[in-house]
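For reference, chains read A, B and C in written order, and residue numbers begin at 1 within each chain.
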Amino acid sequence: MFVILKDLLKRDKKFLFGFIVVCILVFLAILSIFSPYDPRSWSVVPKDRPPSFQYILGTNSMGQDIFWNTTHALKNSFVLGITTAVVATIIGTIVGLIAGYRGGTLDKVLMSINDSFIVLPSLPILVFLSFSLRGKMTMFVLGLTLSVFSWPWGGKQVRAQVLSLREREFTYTSVFSGMNMWKVVFREHLPFVIPWVIANFINTILWALGMEITLSVLGLTSLETPTIGTTIHWAMQYQAIFRGIWWWLLTPIILCVLLFVALYMLSVSISEFLDPRTRLQRIKMGG
Amino acid sequence: MSRKLLEVKSVVKIFHIGGRFLGTKLKAVNNVSFDIDSEKPEILTFAGETGSGKTTLARMILGLEQPTSGEITYKGKNVSHIQKREELLEYMKEVQPIFQNPFETFNPLRKVDSYLFETAGNYNLAKTKGEKAKLVEEALKSVGLTLNEVQGRYPNELSGGQLQRTSVARALITRPSLLIADEPVSMVDASLRMSIVNLFSDLKEEYNVTVLYITHDLATAYYISDRIAIMLRGDVVEFGNIDKVMLSPLHPYTQILLKSVPQPDPEGTWKEDIKLSSLEVKEFSRLGCKFYERCPSAMKICEEVEPLSVFRDGREVKCHLYSEEFKKEEETLPGSF
Amino acid sequence: MSLLEVENLSAYYITHAYGVQRDVRAVDNITFSMEENEIVGLAGESGCGKSTLIKVLLAIIKPPLRVLSGQVNYSYDGKKFNLLTLEREQLRKVQWEDISYIPQGSMSTLNPVRKIRKTFEDVIKAHKKSESREEYERLMEEHIKYLGLPLEVLDSYPHQLSGGMRQRTTIALATILKPKIIFADEPTTALDVVVQRGVIQMLKQLHEEQKNTMLIVTHDMAVHANVAEKIAIMYAGKIVEIAEKKELFTAPKHPYSQFLIQSLPRIGDKRRRTSAPGNPPSLADPPPGCRFHPRCPYAKDVCKRYIPKLIEYEESHNIACFLYSSEIEEGEEIVQEIIRS
């Protein structure tokens, strides 16, 4: 594992970039533990100060330190993204693997559930849910809710892959080697599907972050919790741009772009690395 | 009457192409019956061209496909009635497949030996790692390999011949009575092909394994088989002792097929021209004899009436040329032989 | 001068991935020639480089394939050129019109979304601009009829034809411009025996009519026995023996050819046949010296160190084996240098 990481860092610039950026952002998120201020309290520092030595990223109109607030925002956004992605990916992958492998009635049932979730209009429902649950909606609960809408996409992709894998001779070899369904699915088919799963995992994080920003900008999440979205929301609420407090709006936007680009790079690079074709080449080269 | 290892009774398989209602029906296997004696191991070949139904037949025997009608029984048990996992394992322990493409037989992302150890473990043949290794080593030895050669290797690190041997070794671990080999040498390099073919006849002699050899290659079929069935568009048109069928073929299709086999003989080049088949689906759905359009000795009856299988000169043949004669002699049809 | 002369041709697949360079020596210092109006069969197992050789002889060279050394000299109708040094424009003119190709897997030359008539028209138009529409309609239909194909194929789409019909249509397409030389890569593989026979018949018929030179590549010795006049045996990127068909089948000289010929099963003969021991080498890491020495029962010390040169042992019988001569192949160092640079 460590060797692979070293290899990727050394050989793949995309991975290097993505990895470094994500590491820095994670480090910032961890810093939130040492935050001297409670992110929910207002007026703990002077208002509207531009970036300086004392306040690295300045302060906002609510009297909060933007740097420390951002560390909390990052932490919350990460929690949200990862919760959504983990839950959605696990459900999607398992459903896809089983539906694809077993086929028949089970496949039909699972896929009709899958399709019904796909056709659900996610944004209106989320808007409605957030509106009615406002305040009770922690990052974790929001993550779970989002995962309900995002698992079917991954599930469908995985199933399509498995459908073709199922007809390959090695699947029959493993069946006649006496392996049961779980062994065949997880040992034989999963390695082929992993690149898609990882790409999906990262895409789901991106989607969840985007969704959170959308909802927050609309003012539909618990606005006292700092996230990238709520930061943008407040900055716009206080018309930061017109009042020249550019650092307030720019910080979350830059972070957001950095995070999106970095995650995308990681996704591309890992998929490439795990692609069965390039893996086969590496096996051939004995490395 | 001796006990039967495998009995295939009037098996029919119909595929629906392009949807159940709007599509056409394709009879991939049409009323095929044969049996294999359990006392006397043999190599039984099913030969035919692409789309003759030989692979579908093999898949049905392996339980990967259900017959539309008819039944397949193994040691008296109906294969399609297998429901429970224990029963399935019991059956798979006895009947093992060898596949066509050795590079596809094993997952390219996994090490080859893992399949051998899995087989030993999953059928409860061995508990400890050492016992498993012993079984694996034995199986590999019987195909002329050692554990050292395959251990820790990925499929693309081995040659086609080595992989096909490993595939046979894996199948042998459970000590099966029946091996179903679907085109096992067509993807193996020419210089190694005969060693794999020889392996099958050695296994028959030494381990009493019956091999169902499915191929389009009549030359290797002649080389190793005891009996042969020639298939055409789902029908078994001629079935019997290998020397009878291949050295003095009766069915016009078998005759043309044998004439078309290129012989590795620099003198024996073909002289006359032959007729090629038209559309495949047309032949499949033909009411009478499937070979009617191409047959040099086609009669009127062949167009509409499906010929019956009759017993003639030591083999079964499905052709009006012989069944007509047969009727005149007014003999009864033997069901099987 | 022969129609085609290949000299010291080396073409490797060179790939880089995650910092490791890998060379697959698909065509490894090959020298041979083909005369006019000759059918040569090129035999060898899968992965011995025979398809790559064809690609180089046709100058279809795309990375990672790289030609490292050698010449492919054609000379006919008073023209003389090295195909590998031609300009793109000239190359396009020569390909198909003079040097034609029947690929393995007939789907690739027939455009799946166009009627076969259109594909034929495209080919003729691209090479014979002067002729009128009626003229090439006539040319096309005559050719199809001559080859015994029903005219309906022209108005079908490729997927509507059976595999055998498609393969024969591809052959018709490849030969419509009456090329001087035709390269056929496994033209009968994956076809049923009866269809296979039809395809072989067709190739022979074409040869009779157009008097073109043919190089037929297949691993099936039985097909060679029926078509070829001369047979070249390729092993691990090298040609090890070239001989007249009869000579090769009755008295093969190279140990590999001997194994290959004697292991062929024949209907009506159940004598036990054995394969060559061992396994074919990987072209990425071939053994030093004679490529066959690890499997050869007659291997001597010299075989392990040096590569035998393909020499004329008897008239029109060339062999590369130290059992028959002691000449050593040269040029290995040069190729190694090119790779390193």
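Note that a contact is a pair of C-beta atoms (placed from the backbone, for glycine too) under 8 Å apart; a residue touches a chain by one contact, two chains touch by 3 or more.
All values reported here derive from a predicted model rather than from experimental measurement.
Across the two interfaces under comparison, A-B and B-C, the one joined by more C-beta contacts turns out to be B-C. The chain with its C-alpha centre at the largest distance from the centre of chain C is A. Separating the CA-averaged centres of chain A and chain B is a span of 51 Å. Chain C has its Cα centroid 33 Å from the Cα centroid of chain B.
Contacts with at least two other chains are made by residues 284 of chain A. Within the complex formed with chain A, the residues of chain B that make contact are 62, 64, 85, 89, 92-93, 96-97, 99-101, 104-110, 115, 118-119, 121-123, 154, 156-157, 167, 170-171. Those residues of chain A whose C-beta lies close enough to touch chain B in the complex are 168-170, 172-180, 183, 187-188, 191-192, 276, 279-280, 283-284. Of all residues in chain B, those touching chain C in their complex are 49-50, 158-162, 187, 189-195, 197-198, 216, 218-220, 222-223, 246-247, 256-258, 260-270, 273-274, 276-277, 279-280. Taken together, the chain C residues at the contact with chain B in this complex read 43, 45-47, 162-165, 192-198, 200-201, 219-223, 225-226, 245-246, 248-250, 256, 259-261, 263-268, 270, 272-276, 279-280.
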